[in-house]
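Have a look at this one.
Chain lettering (A, B, C and D) follows the sequence in which the chains are written, and residue indices restart at 1 in each chain.
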């Protein structure tokens, strides 16, 4: 799932990527597909929890790319 | 002028006392008239300003006895 | 930005939610505002010596209180970067569950709104000549003490 | 005192003064309350690169945000002695001058109400996955950045 300004760059709110083993691998693929992401701040949530280090991914995990929050 | 619980003790909201030269004298007279006042906390305002030391009084000054505030 | 004219603070009886809503609605035209902080004082059913408070009857040294509200207001505008502020306080009878104090501060950014509102409430409680007579259900009373 | 059930936080469009008044009125039966603190976020007409903001369009990762609101709520009840708290946040379009955030904390004493309300607002701004798209008068947009 992709939110905020990131959904404009990726031009979708969902992205199907197969056979990714962990979040480091995900980042690498995303930076290849969308080089501009390297210049952007975002965090990754796996199953609705923000992760702070490389995290293994399973087939059913829900991964979300979150740009900086600006609620309120 | 007398406010709050003090108006119950003095049983009036205004008090006419003649020829008082200063606030120390006023206190002395009040304590003679209403000895229970000595046990009560109150401040004195002269012309709507709280005074912190002995203050001369003139004929036209408005003196108020203020028990502890409890607004809000 | 300071506003020099004196504002009416005292309201007879309780402050109603409708009055508060109207005050909020009036600020929709002030589009430099990003944050409002509103403090409401509500009369509690405190138990004192086995008796329950049913209402508070407020009285004030009105002219002196109005001068002080004006001074508080002037000082707050100097101390904090706020767009506007309003203070309303009840006089007369306010029943438990009803609102007796309404402080409303609006600012561009939230920190100024929070800090100014808190400061104003503390100053009202400590400095203004207002008294609350706590009326019990049996119609006896005691005098409220602020902490 | 904690309330375990999840509360509805997101509201479609602006939060109205009438909605706020109704929320206040609902607390008149809770007579242990002595103090309410209410924070309102209002959309500002900020000028960015010579263009004026006309509205903010809010979106959120709703399921994740709802979990976080619930966690914030639980932690606040542990940390502060409060009677109740409510959070409402807009989704979709909110025009300048309209209200997009409503945080309402009620306590026996004012200090807990003030501190808890301030704490909640900071946590919402920092922790919850909500995004504001600032729409300019010419219909172009930029993405809001919280400070």
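The working rule: a residue touches a chain if its C-beta (ideal position, glycine included) is under 8 Å from a C-beta of that chain, and two chains touch if they have at least 3 such contacts.
Everything numeric here is computed off the predicted structure, so don't read it as measured data.
Peer 1: What chains touch chain B and also chain D?
Peer 2: Touching chain B as well as chain D, we find C.
Peer 1: Counting only C-alpha atoms to place each centre, which chain is farthest from chain C?
Peer 2: A
Peer 1: Need the CA-centroid distance for the pair chain A / chain C, whole Å please.
Peer 2: For chain A versus chain C, the centre distance works out to 48 Å.
Peer 1: Please work out the Cα centroid separation of chain B and chain C, and write it as a whole number of Å.
Peer 2: About 26 Å separates the centre of chain B from that of chain C.
Peer 1: Could you put a whole-Å number on the gap between the CA centroids of chain C and chain D?
Peer 2: Inter-chain centre distance comes to 23 Å.
Peer 1: Residues of chain A that touch two or more other chains: which are they?
Peer 2: Counting only residues that touch two or more other chains, chain A contributes none.
Peer 1: For chain D, write out the residues touching at least two other chains, lowest number first.
Peer 2: 41, 121
Peer 1: Which of the residues in chain C come into contact with chain D in the complex?
Peer 2: 17-18, 20-22, 24-25, 27-45, 96-99, 106, 108-110, 113-114, 117-118, 121, 147
Peer 1: Can you list the residues on chain B that touch chain C in the complex?
Peer 2: Listed in rising order, the residues are 1, 3-5, 45, 48, 64, 66-72.
Peer 1: Quick check: in the complex, which residue numbers of chain D touch chain A?
Peer 2: Going by the criterion above, the answer is residues 41, 58-61, 63-65, 67, 89, 100-101, 121, 124-133, 143-146.
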